[in-house]
């Protein structure tokens, strides 16, 4: 089946499968873009579909994905359903010759992800994964600071993503929250981690880990820690990135000042000063809070998806990037099962 | 040699060995207490001794601990020197029949700690370890909230103690900073951890871990995480304690509102409500910030030390408590050496 | 023309005039309510109307308010246009027999406000003013704390509402921002201020005050200060309310913990303690952060407007309340013109 | 009597009168400086003197200022007593030929201040006023930012200095807290305010204003607001300084990041952009947090006092600066008495 060809004059017609937490954001953002129209929405819940119909009277609604894809009013499909259904639904979409955008994490297993990559390549359609954070001004600014050499050699990446709820029933907290941090890691650093370790805990009785810590080791000495929890009384979304020249605090809960760059460093050979236990060898410098592009990330991402479809651009967050994150998530589950030992990430 | 007998009418005469970072606080606090006099200070640095002499003209100063102990003007000695010297100096103090207060961590090895415990028992002198945080209003309030049942079953203890510097040369960051959290753990919970895991990292080239994470597992399901770092651009001293009924945030950087009690919980069977992924089963309640006793912790501790000497009270932070912390620190080093595997804490 | 009679079975049909900053919120909230339909939108900007048509295809759009009101598909009209047009438009709406909701401040002059009150009474239609803050969980909680006697005698109300921009061209910063605080004052306290003083400043050259401070004096000793600014680098929305028994901090920038109740007080006769300059006579107690109803204020308000129409309930924020705020704003202008002297508010 | 002549080789001998809240800081800081010795302390409280004697055995203590000055062991005197006694004591000190440092505010009346200035000039002694904040790294950095032109034309200075207690008995809250802000104003700007207005309130029954707001107008358009209170549940020490090019937030409660420089501005002619009510004409730029000299302010000030004595340097905070602050305080009292009208500051 040939890939949906989209001539540049016509709007790209997008369907959304899954109208739960994230689906409305997808519909709103794709609706708002020039050169794009949301034409159909699929969800299993009749009440949800009614609400969609009321709000977007011109949008076709259905509770049957197969029926959805039978329509000839669709060029691309965004999937925002539970992870366990991603592979099956994305296969259907690709088989029908449409481009596909899949919510994170891409699939339940790396094997499924590899299958989708191969299918999309064969079908000549765009396969993109919804790693939303890479489209924020904050994460792009961090990448910029790394690229410019300002940060120096990166020492560590330390991320905390904790709050109360929402408890997912089909996946543990790592699969729910860590994809954000893992996709950021995957984007920021050119090298890949070589091993990973995870510890996780269950308290409420959900049968799935509700709190967890991941440690990722990189060949060059960089290491990353990612902490995720559904059981914290306070909401924290904070990443520290320490480098040899500067250190960055990325606080996503801050409404406007999300990135702080500390001109601070620690060294043993700093200016030849004498090192003694009571004479800390650190450099306390200024702090800089850069302005950030505040465009909604999903809007930037949706526009990028359309650009990939129209101009054949390779997605920033395509199949391989989605696969990497799923591989790390699988490794985390293996480490959990093995009682928290480090597991290798060599493919 | 008989233990120093102190009649209740006379002031207890205290000597301090080590006048670096902590020593001045010891001198200031013991000086300020009724029924107590600081009579001698020992430090290797001549300039430091001169400063002491200027500030406290009546205090005998010396750079020789043996000479210090030869004087008959001492009932008790506080040791605030590098960890590696604690055992040797405390032995001398106990052998001379004086009571001893040792800065945390108690010793470099559990064996040394056991040796001191045995010696102090034989000599009939008070052996106390300077686990300062247990004497703060904040930590005592947390213990109170646990004891009263308000918190419910404790789920987790999560502590972060990070800042820039000060780099210690003789110990790694775990031995430097984690004793605070480990002593708090030891105090708050009646059960003991059964296993422990540590990962640590070196970046600056000090040859010692500068950042580390400890995970402690308790038999009943409680778990604790302690993160320590000398390489953070921001100073954080924050502990989360999650229980089945309430959750506590203890932020030691806050000048006055250090403890926040969240009347929040998460449960699967809450009020029989239906559990769905989009319907988080959490209870969002009020937050309560209790007033705390703001007496300087070291003052409370110093008074307790005097009380132990005078009234034969068993120290809240005696030899066994100091030993437990050292055992956990040793286990952390073993886990680090083994690449981050869990090691057993069963004695 | 008779007042729109609305039978309880049919939805109330709402039109919105003005689709700038606030209009979209009105449309969204009225659309979302049961028993209500947004049927028409009026704005002068053709592009804006196109966007409305795309988003709400069933909504009639027009750039002519007279034409809007000619339709028989309207029971009530919400006006969200510049203040100078409120009186003229509201007159038209009332004359056409429709109920009306007017954005704050109600009108440009107290005379205009009195005119609308008289007209609405004669026409038997609901006249309501959009004092949104009175429908927030935070402000209702403060009222509750005052009513229950928990706060004791209120001493002062101190509000700061400052940020960078947005510069209004037709009104000064007092008319733009202070209506929020003045309506809150009007709601919280049973007595009315007897005099008012204002100082204001212009820097950018807009020809209107860009920063100002209001002081309101109440007969019983209560006083209120309201500070507003378009020229602050930081956004602050903070109200302190001090009472003889408790003090409240209302921080509207806080995402969730907007209200903090301090169990603190100051007294000269506190427990008969001796008063000396160095012995402050204050009581430092716990802080309590109550949970608040987090329903969007405009949704509560829209529902209340419908309730007033359907059940003949007197609006919480009706004509008299709107008039009071406009009277105080006029007094502020008089004080500004008189160089900051106190002006009487006696009617 | 000739002024105390101090040869550069000998230490300057300082006496301190008043050992209440501030006196101990004076003794500690003068003691810590090279080329200086604290030789005598005077206080009316026998217990206080005993404590001084225990802590500083070499310091002469007395409860009689006249006796204190009779000693030949004094070159300079620091006065830290209630304001009402400043003039009488400072006269005695100057008459005895000693240099004098007076706590803020300098005196109870401008007339008293002028008298001291004349006396000190005649006697050839250094007269300095303890405007401590001008010796902080933060305030000096603000001055630097103003001098360099970075801030542009200063628009406003807005300061809030509020907390719970301490209630002073002999002066109102303006005389207690506002001298800090007024001295900062006096230091930062070259021009002087031309008029001033004050409103104040009493609630607790102390007979003195416990909360107040001052507005100061400058001939060039600059204006300053200073708010002080003993009745706030929260401690705030925050100054906003808005200029045409940059805006500064000075938060003195922040432990380390006290100064934030916002590269934000508002203008009507910015880049020729069209001005509309919904298109705010502001520039949102980066924020910069400069490192500050963190030396204790009183130490810098004490050193400066010694430098003035030894090298004949004119004090940064001498008699004229102290007088200016007292004149403004007197004007504030006049405005309070007149019901909050603006009063002229022209001498």
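Residue numbering begins at 1 within each chain, and the chains themselves are lettered A, B, C and D in the order written.
FYI, contacts are C-beta pairs under 8 Å (C-beta built on N, C-alpha and C of every residue); 3 or more make two chains touch, one makes a residue touch a chain.
What you see is a predicted model, and the numbers here were worked out from it, not measured in a lab.
Trainee: Shared touching chains for chain A and chain B?
Mentor: C, D
Trainee: Looking only at C-beta pairs that count as contacts, which pair of chains has more of them, B-D or B-C?
Mentor: B-C
Trainee: Chain C to chain D: how many Å between their CA centres?
Mentor: 41
Trainee: Just how far, in Å, is the C-alpha centre of chain C from the one of chain B?
Mentor: The mean C-alpha positions of chain B and chain C differ by 53 Å.
Trainee: Which chain C residues touch at least two other chains?
Mentor: 284
Trainee: Sort out for me which residues of chain D touch chain C in the complex.
Mentor: Touch list, chain D to chain C: 20-21, 82, 155-156, 164-170, 197, 199, 201, 203-206, 210-211, 213, 215, 221, 223, 225, 230-234, 240, 242, 244, 247-249, 260, 262, 264, 266-269, 275-278, 280-282, 284, 339-342.
Trainee: Which residues of chain A touch chain C once you look at their complex with the stated criterion?
Mentor: 31, 55, 57-58, 253, 255
Trainee: For the complex, give me every residue of chain D touching chain A.
Mentor: That would be residues 257, 284-291 of chain D.
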